[in-house]
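You will see subunit A twice below: alongside subunit B first, and alongside subunit C after that.
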Partner chain A sequence: MSEQSSSALRDAVVVGGNRIPFGKAGGAYAAASNQAMLTAALDGLVARYGLAGERLGEVAAGAVLKHARDFNLTRESVLGSALAPSTPAYDLQQACGTGLETVIQVANKIRLGQIDSGVAGGVDSASDAPIAVGEGLRKALIKANHARTPMQRVKALAGIRPGDLAPETPRNAEPRTGLSMGEHQARTAKEWGITREAQDELAAASHHNLARAWDEGFFDDLATGFLRLSRDQGLRADTSVDKLATLQPVFGKGEGATMTAGNSTPLSDGAALVLLSSREWAEERRLPALARFVDAEVAAVDYVSGEEGLLMAPAYAVPRLLARQGLTLQDFDYYEIHEAFASTVLATLAAWESEDFCRDRLGLDAPLGSIDRSRLNVNGSSLAAGHPFAATGGRIVATLSKLLHEKGPGSRGLVSICAAGGQGVVAILEGC
Partner chain B sequence: MADLMQILTTNPLARQLGVPQPTRLRRGRELPSGPVVLAAVGGAQGHGGVVADSLGLLGLTPQEALVDTPGTRVTETDEDGRTREVPTPYPGKIGAVVVDATAATGLDDLETMRGVLRPALKALESSGRVIVVGLEPESAGAVTAVATQQALDGITRTVGKELRKGATANLVRVDLLTDRPTTAADLASTLSFLLEGRSAYVSGDVLHVGHAAASAAPETRPFEGQIVVVTGAGRGIGASIAETFARDGALVVGIDVPAGGEALSTVVNRIGGQALQLDITAPDAGTRIAAHVAQRFGASARIHTIVHNAGITRDKLLVNTDEQRWASVLEVNLASQLRINEQLLDPDLPGGLDDNGRIVGVSSVTGLAGNRGQANYAAAKAGMIGVARAMGADPRLAERGITVNVVAPGVIATEMWGKVPLVTRTLGERMNSLQQAGRPVDVAEAIGYLADPASGAVTGQVVRVDGQLMLGA
Partner chain C sequence: MTAPDNSAPDNGSAPDGGQDLDVRLLESAPSVVSVLPQALRPRARAALPTLPRHRYVLADLEQDLARLADYREVTGGVLGDVVPASWLHVLTFPLHVRLMADREFPFPMLGMVHVANVMTQHRPVRAAERLTLTSWVDHLAPHRKGWTVDMVGEIRVGTEVVWEGRSTYLAKADRPATEATPATGATPATEHGRADGHAIPGPEVARWRLPADLGRRYAKVSGDVNPIHLSALSAKAFGFPRAIAHGMWTHARALAAVEPRLPGGYTVEAQWAKPILLPSTVELRGALGAGAGDLAVTSKGGAKLHLSLQVSGR
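Up next is the complex of A and B:
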């Protein structure tokens, strides 16, 4: 993008955010639907900013695990919320990148002047996940449904075999490799020599940082209690590297297996949203501008052939974004790298430090280098908070925006989120 | 579980069996349907006609009250042909009787009180009003005058207990013999509140109205465009307070703990207000409230009213109460309020309390009467009354036109009250002159009255919203 065209765009700023505390799968939100959670997060956001009855430019959100009834999920949530029913809405889905992709989408529309305000984010429930019937049963039911005579119907149903009755639960697996995300990541961890200790340290830090943030009231204006949950359910303030070291590996095989339930993100339920607007829209309503949306990039890698790790795409997206913005990896006050697995974060950092990787894969003269680890996920991330897939982007963008606002104008933050399908969504925010 | 008393009271048979039927109370900004009658005791005009003038400011033209004397009785004959002498009756129902007893100085004047009240009580409509206006007894002068003014208290409280069908009786004390006499304008908001349905659950109460440099005229939407902060707004009484202020035009900032965010959002979104998730026990809660107001309403915006409603209970007999149980209740119900007040009263703090601002606390009858198992709660709620009295007497606040008051609710039917065991609940609800529990809106209306820009002359007061509870004090 040339200098000229970028200066013609106006700023999109993050006004604030709201999420519900994240629940453990089968936990506090076991009976809550995607729509109920998304609506609660939206109503909390509306109440915080006094927007009841207002028409916003749009609401963009999504869910990775969707029921058939979640058709038009976001629009239905808007209709059930305190926003004006004249607020348009749509669903968007890019696996774990959904939340951040909606932020990019809404921010860009604001920058282009197509809308003045919008809400972006997502929701997911691993508890209330859709269960599909097996292919045999499904075909038989469709046939029976199309039957014209009762006899035809009986015949169609008689074709059902006992084996057809087993339900197909959604699997956390890549359709093209049949491997779970954890198994994919175990390969990457091994490739990059990520140690068990380093992973457990990162996980413990995530819990400790998140617990401190809750204790300090950091989330007082970023989260609203829902269904009696007032903190993230998976948060273990008292965990330690020693305790984490006692867990058995669950992904990978044999001696080299390092990934446990403690350093892998648990399945979770929750919703998170971000309110974005033009500066003028925020000023008119005397609402704060926490951070400016600077730029974003999405990369995808060929993980199917095994050429690259499933969750390594952010390692490609970030350098492209840095180059476009004329920045180095060290130019940031905060780094928010989604903790799909502790080893994902560590492998990404290792890749940027690797001369070979940066030269051979990224085509760079020199490695991006290392980051100041004290600036990484300073208020915890997905290992501690949980990771309701489409909600993670909203959680991270709201958290980072508040951090940048507290740090002061001109401070800079990097968001990096890996996603199923070998994709990576990254963005830069700047404190207002 | 079905409410036994409810079955009993809604069943037609029960009606015949004489189970007392709670009257549906007149509520809201509705005046009595019958005429308001006015009597002056101790002088043709009362003391300088302040009461009559005040009713005039409310646009009311009262009729002259009838006075029962032996010479004015009429003969009534019953079905069996027996006759008896009765006071001349009013031609129809009356809505309210207002007695200006500010000039009552001798015991003869009390006989006139009887004479005025006897026919009036007979004619009073349901949810009718008895309002007696007297002096602060200590200011009345001679011993007989003080005794006479104090006697009004006994009369009014007794009348409250004798009235039926949702009617109430209250005493208003004014200053007329001091160097800061109460004016008709000072008195108007109190008379308006007591006459209207807003005071549905206030009876047997004694309110003091002093004098303010400028008392605004009562209006139907007195808080138009004013910023009102309500703590504990997520549910119960606080939700009703928020809704009532919004009804009357206020821009409401509702506060509750982050864990109660879902409920708070619902309340705030319904009234078009703003939610501020905050634990009021945070040491900087006051400055955070002010910062929110300055950010959202502009640097020059200030708070008109803060309502300290958030409260908790941790009940146990005192012999079983440890320091934590004690401290948690005192912290939320008293200490945090003191800190917030101090921070918001800084005149240089952007978003702080405005001049002519209002501080209203939600105390409890437990703070007046004590309650078994609630020593910590009673300490805090009584402490709040002390805060209102001390701040209400502070000349520096008076100079800024700031008033500080509390309401003391009795039995209020919130969701939580519904969980109290049936027998306790039913007994509690019947143990007052109105023979029913109050509603959250009754507490909210009393707070609205105290916060009203027209109530500048009312400060340091405790308004009981308890239907004249018979327990305790």
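Up next is the complex of A and C:
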């Protein structure tokens, strides 16, 4: 989008956000469904901004691990919330990019004048994950369902073999490679020479930053306690590089394996939402505008052939976004790079510093360069908070918007989120 | 339910809210199954029954979130931070059963029919809150089919009363207490299939398909293991052709339908009419929009009334 055409659009601003503290898989939200958590996050948002009974432009959200019965998850959550039932809603899914992609959708509709307000975000439960019946059983049941005579039905059901009865649980693996995300990332970490020490340092900083932010009350107007949880369950305020160094590697094999449970995000449960609107809509309701949505970019890489790492797409999306906006990587006050693994963040930063990568892969004359690490994930990120896949985008956008608002008008923030399927969703926000 | 008629005989009642009754502290929620044999034993027939002069108190109860999640699923709701009034009734139910099992309770539990209920939620109650439950029995009153009696529950958070519930049961007697005295409260005329004064409100807004095992599923989450709900066989032993749905399931399911629009404080009154034989398809009727108003659960087509509900904001 050129400067000229973007100036014809009106601003979309982040009014605020709400999430429930994130739980550990099988932990505080073990009994809660995606719908329960999404509804809780939505009702918290509605209560905070006085939206009970209001019709919003739309609510866009999604979940990565989704039951078949949840085909209309977001709409069902709206109907179970205090929002007016006349508020439309839809589900969107782009793996871990889901939350940020919904923000982009809602922001763009606001900028185009199609809607004045909207809620964006997502939810995921690793505890209440869908378990499907095996392919053999599924096909036999469908056949039996289509049978016209009892005999046909019996025949269809007689085709079920004992082995067909084993359920299929969702696996955190890429369908085309059969490798888990961690195994993919272990390759990337090795390729970029990311050390164990650097990963553990990043992980410790994430915990310490998140703990400080909770202690300082930063999340008081960004989170609502749910069930018995009032802080992120996976947060370890007292962890240290020394403690993290004692953990055994879990991804990558043998000599040189660096990725542990401590420097990889744990499976988690939670929901996070962001309220966006036009400036006028917020002003009419005397609600704040924390940050302006500037622009976004999505990239995808060929990880299937092994040409690029599974989680490296943001390394491609960011330079494209910077070029379009006429910015450099150093023009930001805050960087929010999703910590799928500590090594993902570090490999992405290393790529931007690499002359070879920026020339050969990005076609740039010079590397993007390094960032001021003191501006990175300053209030913690996914390693400490946890990562309920589709909820992460909403958590990051709300956190960054508040940071930018505190920093002041014109301050700038970059969001970068890697996603399964070799995709990366990135965006720029500007403080109001 | 309207205010109980105080002019009716009221033996052993506690008009001041049970405060003058002896307190019996419970360490944990009584197991319904374990007190069942006592509750079922036949009682000596007194010409004029009297009520227990004690109340049970269960202090500082932590709500079981896993059970709450199952309860919400079985009753058509979504697990949230705020719990429905019907769940709080379920928490007090074991205390009611404990009272019914006591020697001083004049009627055998089986054969007692839950005919009406009124609950007041004074403010939203959260799943994380620890609760102090109190239960007692009062308002014994003659009915043309026997006696009615109220099982009363009260829930506090700290010293604040957050919920009150009153379940009116009809204890049938071979020899009615009096032919002439009308029932106290808004006890429905069950044999007419229509609660007094409550017309069936409007067209159907939802259709529910109730499976044959609904009684067993609700028994698991509520602790109400009355055999009339569990299977056709056990129901037949008590004169029902098939298992019947728990009245409080139907109540909870209807309340869940209006829940998103319920005010923070509300009173919900219920009168049961014809039982729902399982499996069954029934219909919800009434206005859901305002979050308050009249609801009814009827048979398909609306010929038979199963439950009338009146929800009012506070």
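Rule of thumb we're sticking to: the second predicted complex is superposed on the first by the 430 of 432 C-alpha atoms of A that agree within 3 Å, B and C clash if a C-alpha of one lies under 4 Å from a C-alpha of the other, contacts with A are read in each partner's own complex, and residues count from 1 in each chain.
FYI, a contact is a pair of C-beta atoms (placed from the backbone, for glycine too) under 8 Å apart; a residue touches a chain by one contact, two chains touch by 3 or more.
Just so it is clear, the model here is predicted, and its values are computed rather than measured.
**Student:** Looking at the superposed three-chain arrangement on subunit A, would you call subunit B and subunit C a clash or a fit?
**Tutor:** Overlaying the two complexes on subunit A (C-alpha atoms) leaves subunit C and subunit B clashing.
**Student:** Between subunit B and subunit C, whom does A:A40 touch in the aligned arrangement: first, second, both, or neither?
**Tutor:** In the superposition, A:A40 touches subunit B and subunit C alike.
**Student:** Counting only touches as set out at the top, which of subunit B and subunit C does A:F226 meet: first, second, both, neither?
**Tutor:** A:F226: touches subunit B and subunit C.
**Student:** If you stack the two complexes on chain A, which partner ends up touching A:A32: first (subunit B), second (subunit C), both, or neither?
**Tutor:** second
**Student:** Classify the contacts of A:A82 with the two partner chains as first (subunit B alone), second (subunit C alone), both, or neither.
**Tutor:** So A:A82 meets both subunit B and subunit C here.
**Student:** Going by the contact rule stated at the top, is it subunit B or subunit C that touches a larger number of residues on subunit A?
**Tutor:** B
**Student:** Report for A:T260: first if it touches subunit B alone, second if subunit C alone, otherwise both or neither.
**Tutor:** In the superposition, A:T260 contacts neither subunit B nor subunit C.
**Student:** Going by the contact rule set out at the top, does A:S382 touch subunit B (first), subunit C (second), both, or neither?
**Tutor:** Touch status of A:S382: no partner.
**Student:** Determine, under the contact definition given at the top, whether A:R48 touches first (subunit B), second (subunit C), both, or neither.
**Tutor:** first
**Student:** Can you tell which stretch of subunit B collides with subunit C among 78-86, 384-392, 420-428 or 456-464?
**Tutor:** Residues of subunit B that run into subunit C: 420-428.
**Student:** Overlap the subunit B and subunit C contact sets on subunit A and report the shared residues.
**Tutor:** 40, 43, 82, 225-227
**Student:** Using the touch definition from the top, list the residues of subunit B that touch subunit A in their complex.
**Tutor:** Its residues touching subunit A are 254, 257-262, 264-266, 268-279, 282, 295-298.
**Student:** With touch defined as at the start, can you tell me which subunit C residues reach subunit A in the complex?
**Tutor:** 65-66, 68-70, 72, 78-81, 127-128, 259-261
**Student:** Of all residues in subunit A, which touch subunit C in the complex?
**Tutor:** Listed in rising order, the residues are 30-33, 35-36, 39-40, 43, 79-82, 225-228.
**Student:** Which subunit A residues qualify as touching subunit B in the complex?
**Tutor:** Within the complex, subunit A touches subunit B at residues 20, 40, 43-44, 46-50, 52-53, 82, 217, 219-221, 223-227, 230, 286-288.
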